[in-house]
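Beneath this line is the structure, given in structure tokens, with notes to follow.
In order of appearance the chains are A, B and C, and numbering begins at 1 in each one.
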């Protein structure tokens, strides 16, 4: 059986890219070159297509994939488990005491103790502003030292499964969903995405998805229209990244003050709740102090403030403002759907239902994005290896 | 090495059966044809024999087996883990909030989110009357939609690991234990099984095992004598299934009012505690309302009522009434054994000890029954595949 | 590619050893012959080197490795997970109610129920004096019976992952670290190891590491100088083992009353906190009774008593007393490091930092020690099998 045309096309593109991610972590998309980003994306599509057509993506005869979740997770947990399984890695979860943010020798030692046979560590740590990404870098430094000093026989790689700054496995999946919708990387150029806050009856949702989207999609020349109610700022550093990208890639990055303005002629809408930057900072301080009363007061204030903006709902009327009233609706799931799992939420029931299957498909890229990140970090000559895998044509069902 | 005679015999029988379980779930035995039931049983015996003789049953190069346990479980958990492992699947457990019975979009979405690389989902949900099986069908419908609309590349199959109505992986194992004891499917015809309530100092035990046994064994022409104290009814629908089967398969289904009557001339005895149908309904209502006081009152009432029937114990005297005093004792384990793990329970110490190893063997079929269900649901041409596996003679120890 | 010289050398040594560990458990090192101990050690080194050079150690096409942790664990948990993964086994954890020490039919039954497809059960049970090892033997007897009576198709083997008496996977790793440091088994002869208590601001730490070290290292003709404050005795039986070994293997076993005396001219120092034997006995009684107040009182007393011996810290001054001031510092991790994770602890910050990477390397043997134990217990002709694996040269990355 010849390799499918879709896979062959991606393989040809991959061969012309200049990238080297061997022994590197994947922490923030803006630390990666354009060709590295594209390599992950194209390889993810290859793996997805291989899986769909019944081919095995097994790369490792043995080896561990370790997950560290410092926040509850179902979807990301299964995406990571799926990626590990597809590549042939065994999954082990490090179940730390949830409340404890360890640093120093404890992190350094634990990172080495779990990694003797580990190919990858996936970390989700998005609850504390200024902590998650920092923790990942601490683990990474410990692994690097262990590798250099002969403790670890391989350079276990890190994959950011969501931190306080970025959520690269999500945003690369989102990008692939848009690429599928519009047809190619090139066709993303100039498309408008309305990246907006949405009302939710909960608080404390992380900022990493909108930050990640504006940091990544501006690189494809998209017009990112960010909208949020007064006070719901994101962390300033990422806005700087988005501005620079907009200039460099001939896209546009603007902040507008209403959902309506952002939706106007948009090709894509991405309405999602998040907590204000300054609230997350306050919350981080209170959590560190273990100030339960303070946290309750903060939550009450926030929910009251959220409630002012209940009209920030993605409804039919607002969707009509988009390009031909037909923009692609996106959400990382689970969404707060008005009249479904809450009285009033981020999106109206009929809008969500129309795009429900699309949001599932959007999520369907994630296992393969993670698999691609692991593969490119752990396989020295990835193109040759992929070529060999495709020639071997090992079936998933033996 | 030629294939063992036992395996060859089963393979020949399988080749003459007419069944197609590809892409189907396994939820209730009475939804399956006789030939489908026999196919699962024969294949389970093949896998068991392959494992025993050191042959690998590995079928999948990669893929996930997902377990959802809405009730505590050790035995079924390990049976499912073992089945997944034998076939080459990686295990991932979805750990929901235990008390929460989610429905609607949450179930629909989660079912898809966890299934991108899943071959099978095994669900145990036996705590709420009218809920467990319903939940499984909700998950199944979501998977089916996801498969049809291109979200999922494969039709992940569902295996019922115990619901409020049936416990097919248990009852098929039980059937194989009886087949082993009597020698063949055909020899089950006309044999009498005493399916009786047994006293236990606990309450709230599920109804699915006795229901499953009477729904399944009447199809093999067995004489099922069901006995329970006044008020300990099972759900009425399954009694209807058993009655129809008895007529069709020339067996017998009767309800008698004492353990002694049921045991009279029985070839098999299956004494086991369960909660009365109407109590389980009341309990379900109270659990849904979160009425803790009401639950305590109900438990007290039930235990008091149970205590009236302490003589419903499988002891030597009652065993003497069975065919030549030598009936096969069965239990899904763990049993409440008088003087061992409780003062007074379902079975006397000496009776249990005599059959202890037999009950372990009875349980030993379950991993292979589950493996057979998965295989028949996920492999398009199972006979050809099994043939190829047997020819390849891959050893478990490489 | 020819087999590396290190592996070839070990293989040659292994071929000249007389051992048969097939179908045997690994519970206490002093139940094993010298050649069996050496076989585990040499094979562990082979596996470690195979892994380092990118060769797969996969031995099993399928099969389960089951872990039972009756105490919190990260390091040992990951070592066991890593060993299982390296050999190709799937991992399943039996999560018992933590507080419950079950015996009798419950243990007997559960042991069989989880073992139908299990190659190994690893158990950690070190909290209760007189319980852990006893529990392991109870599980072992149940498995043996199940195997003999045809319940289990294979003799699932047990590996002691730490009990109240010994910690063989740790001490064999420690021995390999010393072998690496000094160059050979033979060079351990006559070397002095200071095996001392160390101050810790916690109490209730197990006795199994010092006991295991004195039971094992006296067999290599080492001079074991055990030192602890008055009252911090270990269990007497192991001291007897150590005395006999010292006589037989021309080593030395002495108990001295200060860290300084033990450190004098030592080649290796192993300072580690443990709870006094009589305290652990009292604690076991209180835990069994569930006497929470009694436990609090005991803890308070113990910590007060510990505090008297804060000078039992491995600091630079004491290290200067060792052979050329340059002894190898060892610790099973995590260590209580003064000024790092506690105000005052087992070891001074600068001493620990100097040997930090060495302690990581010491831990790095453990996954392969466990893998070797499993391999020797489950593979009938281990030398021939290892030979075949080395010839096949299967890469870890396929």
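Details
To be clear about the criterion, a residue touches a chain if its C-beta (ideal position, glycine included) is under 8 Å from a C-beta of that chain, and two chains touch if they have at least 3 such contacts.
As the structure is a computational prediction, the values presented were derived from the model and not from experiment.
Overlaying the C-alpha trace of chain A on that of chain B calls for a turn of 120°, given as a multiple of 5.
Because chain B and chain C carry the same sequence, their contact can be compared by residue number, and under half of the numbers here are used by both.
Look at where the CA atoms of chain B average out and do the same for chain C: the two points lie 41 Å apart. Chain A has residues 58, 88, 90 in contact with two or more other chains. By the touch criterion given at the top, residues 51-52, 56-58, 74-75, 78-79, 81-82, 84-88, 90-91, 333-334, 337, 340-341, 357, 360-361, 363-364, 367, 394-398 of chain C touch chain A in their complex.
Here chain B touches chain A in the complex through residues 58-64, 66, 88, 90, 92, 94, 104-106, 109-110, 112-114, 116-118, 145-146, 149-153, 378-379, 385, going by the rule given at the top.
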